[in-house]
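Multiple structures follow.
Shared chain: chain A. Partners: chain B in the first complex, chain C in the second.
Showing the complex of A and B:
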């Protein structure tokens, strides 16, 4: 029974992680920037929504406003930081260090304003329980699964059916050629990071709704999501989502045999296995 | 006077760490946020051997710790660098978070979040290093040796090889050089520097806890190299001395103690961004 319950919570965590992974994958596959500051956007979304809910704004509106704010913050980072560095022909390493700097800035502004203590969302429905046979999940967890699956579906539709989605995939596969054919890669990069930031705001709000907020809690999910992205194959949205669910389930089931503090070790072990035996990932495009 | 001495000792320990970070990030061009983890492994190992039921003296403990850190860095870099540089970013974040988890949760080995108190002071061949004044001498000796080693390595063919890899990996590979081996050797050297610094840190403070070796500490190390200047000896010396003075300056400004730590990290983050945007070579470095 415990195993079933762990499997279910693993699915919940995995779906939330999956959205982090597809958003990171969008950015990484298109811009080739290892956007570490994405963890800061994730954390920021949760805190913004929390503040609004504290002031009595309905949860749904708070979520939407937080998404808009995250979109703006992501676009700002691309426009003011990455694009400037790109114009100066900065190396990959320089961009990475700047991104880490942006992460430190966002996290510590949050820590200074809200203190590093755990904050809980002041909503009364979030921990109400629902039973599915022997498994019990609360409203937040069910909402997380539904929203994450919708976000996955919407991203797939967007990437394959809309003009902008096709433009993004064109830039991702060959920025030079896309530039020549006037697809304007730099503008596309702003769109991609903006969309990814809006997406990552969903788990950024829903996960803390269940587990509470802390300013430095964004790095571990981002790391796990990155590992899922690599294991799934860079550029594959489905791969990133499926592997996120897989890793989270394995991580949760490992609780049967070892304490929870070591789950980062389990994740990392999975990464090393993939690196040694299948570095291109499971769903890699040929 | 003691205050000035302990500032100098800490800065010299961080000079060793700066050299280590500079070797990896500046010279070999491998992004790493796990330097503090290796530093911590060195510190905990030296503490462990000097406090064991059958204690080892200072020099053998340091040698074992440095050797372990070298081995750790080789083990960590070998699989990921084989694939790509971005995989190593993931690896280094993973190692850092994993190390923090071990330092915090493995209570028998590391004292957990409460830390490990009562590490004995070092002795050099029967000459006890107990006062801060003597400690300055010891650390100056180690930092001096570190700087000398760094300078010699940079002049050697190996130094030129690693620099060349940073400029153009494909060209170096085409010239018949083993790129992976050079990168892993650079990482191994960085491990030796960080492990030594860890041992000095543990014996000087006689108390260590996980907060000195977390992700924030790694970001501080990166900031030191970025501000001081990448790829030069002067840069790795200037950075630590400047950035360790910063918390003292912050105490002059009246900010509540509850947000002091966050404010400090915020400044490191801002420094990283500003230097990358406007002066990627740092105060006394070369183009990054």
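Showing the complex of A and C:
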């Protein structure tokens, strides 16, 4: 019973992390920017949705509006920050520092406006329980799994079946050639970060719906998602998603054999060993 | 004329530098408390308690004609932020007394308090290490060990002999865990599981599940933040064991939440007269909860001590305040306190949360 329940909660956490990972993977594989400010967009989405729900806006509408706002914020960061830096031939390190700065600004604005107190969504249905045999999950957890799987499927379809998706993959594959063939990499970068920001808003809202909002709670998921992206193979959407779920499940199931305070350290130690044997990641293109 | 003016300025400056309050001066104290972050609810209550006592004193003309001002700093319950605030208050504002809360921050500031001879006043934190952390740290409530002994004895006497421990991976949490390991065994029970959480963490499900798997009769909790989320997750997982803790359970939002029904905890006794509680509610729009009372009481102790220092015509410093406090030793505030050591001892209750209220289960007299 314990193993099943831990597996289920690991799946919930992993699915949410998976969406963070695929959105971050989209950005990194295409732009080569280590977009740390993505954690700020994740957090911002939750707070925007919370504000609207507090004013009586239905949850679904609040989620959609938050996604639109995150899309705009992501596009703004690319257009007004990263693109400007690239025009000035800034190094990757400078762009990373700029991204860190953007993250700090977003987090501090949120903390100043909302205070760093733990805030809870005033939504009654979110904590109602569903039983799947011996496993108990609340509505939010079930919703997180369903929405995350849909987001993963939609991203795969988008990347492989749409013209924009193919254009993004072409730019990711060879930006210089894409530029020569008028695929306009800079415009594609704006699209990519905008789409990734909309995607990351989903776990940004659903996770706090279950566990509460805090201004600085975006960094840990992003860090774990980054590791999943690398271990899954940079550029592989499936790799990022599957490894996110894998990390979260291993982390939860490790509680069966060790105390909780060791689980994070041991889980990542396993992945360090794994990377030594397969440094390109599990799903890397050969 | 000009020479006499410069002389007067120099004289006043000399008084200030010597720490001597001139007539009708404002005497500044400090407060380093979590006013935002996961500990903000408690920190805000603590701040209000201090401010309420000081405002009352100022409204009556101050202490021997001196108005009191408390400069509050927000440490978000973080030790590093507390050190910055401590240095700011002592080096720039020259405060001699600082109200503090939460074990980690207080333990971090204690060595500085010793070195700079600044009196730290703790009325909320309870890690055992606080008792001997600094001669300049006074605790107006007992350390957590005493409460844990009481709740452990109650649990075993109530037939709950197998316990799991959920503790916060920090100074207070680890001290509490160690106390539970000792006290519960001494009371005749056994610990069957222990799981850690991080300060500010809100996902307690894996830890709760693992503790539940050990089939305890009771879960002993030592966390200082996220208690409401823990209660809700406990309820969602439909866990059946009793949940018990110490005075840190006295969080109004937790008590009011149906998920916490049946939670048992020790509660240090302190009560406010109805008219005082009504004035507090009128001013802040909130009930005078445990931590507000504790810090009101602590502020009263400091104001009485200040009165003695001024009556003795001594300069106001951490050293003179410390010495005067131990000369007075016995205080009759919201609860009678005696400082035989740096840590006061007070009686306590065992309460159970029921229908959104904290109900008395048993009264315990301590030696």
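The criterion applied here is as follows: the second predicted complex is superposed on the first by the 271 of 286 C-alpha atoms of A that agree within 3 Å, B and C clash if a C-alpha of one lies under 4 Å from a C-alpha of the other, contacts with A are read in each partner's own complex, and residues count from 1 in each chain.
Here is the rule we go by: contacts are C-beta pairs under 8 Å (C-beta built on N, C-alpha and C of every residue); 3 or more make two chains touch, one makes a residue touch a chain.
Remember, predicted model here, so these are calculated numbers, not experimental data.
Look at A:81 in the shared chain and tell me whether it touches chain B only, chain C only, both, or neither; answer first, second, both or neither.
first
According to the stated criteria, A:116 is in contact with first (chain B), second (chain C), both, or neither; which is it?
Touch status of A:116: both partners.
Could you tell me if A:2 is touching chain B, chain C, both of them or neither one (first, second, both, neither)?
second
Output check: A:223 vs chain B and chain C. Expected answer is one of first, second, both, neither. What do you get?
After superposition on chain A, A:223 lies in contact with chain B alone.
Going by the contact rule set out at the top, does A:278 touch chain B (first), chain C (second), both, or neither?
After superposition on chain A, A:278 lies in contact with neither partner.
So, A:261: does it touch chain B (first), chain C (second), both, or neither?
In the superposition, A:261 contacts both chain B and chain C.
May I ask you to decide whether A:105 touches chain B, chain C, both, or neither, giving the answer as first, second, both or neither?
first
Is A:160 in contact with chain B, with chain C, with both, or with neither (first, second, both, neither)?
It touches nothing on chain B or chain C.
More chain A residues touched by chain B or by chain C?
Looking at chain B versus chain C, the one contacting more residues of chain A is B.
Which parts of chain A are touched by chain B and by chain C alike?
In chain A, positions 111, 115-116, 259, 261 sit in both the chain B and chain C interfaces.
Hey, which residues of chain C end up touching chain A in the complex?
Residue list for chain C touching chain A: 36-38, 40-41, 76, 169, 194-197, 200, 202-203, 205-207, 209-210, 212-213, 225-226, 228-229, 232, 236-238.
Can you tell me which positions in chain A touch chain C when the two form their complex?
Residue list for chain A touching chain C: 1-2, 5-6, 9, 13, 111, 115-118, 120, 127, 129, 136, 138, 211-212, 214, 252, 255-256, 259-261, 263.
Show me the residue ranges of chain B that touch chain A in the complex, using the header's touch definition.
Those residues of chain B that touch chain A are 25, 29, 31, 33, 79-80, 82-83, 85-87, 89-91, 93-95, 97-98, 101, 104-105, 215, 219, 222, 226, 258-259, 261-263, 265-266, 268-273, 276-277, 280, 288.
Which residues of chain A touch chain B once you look at their complex with the stated criterion?
Going by the criterion above, the answer is residues 34, 36, 81, 84-85, 90-98, 100-105, 107-109, 111-112, 115-116, 215-216, 219-220, 223, 226-227, 230, 259, 261-262, 264-265, 267-268, 271-272, 275-276, 279.
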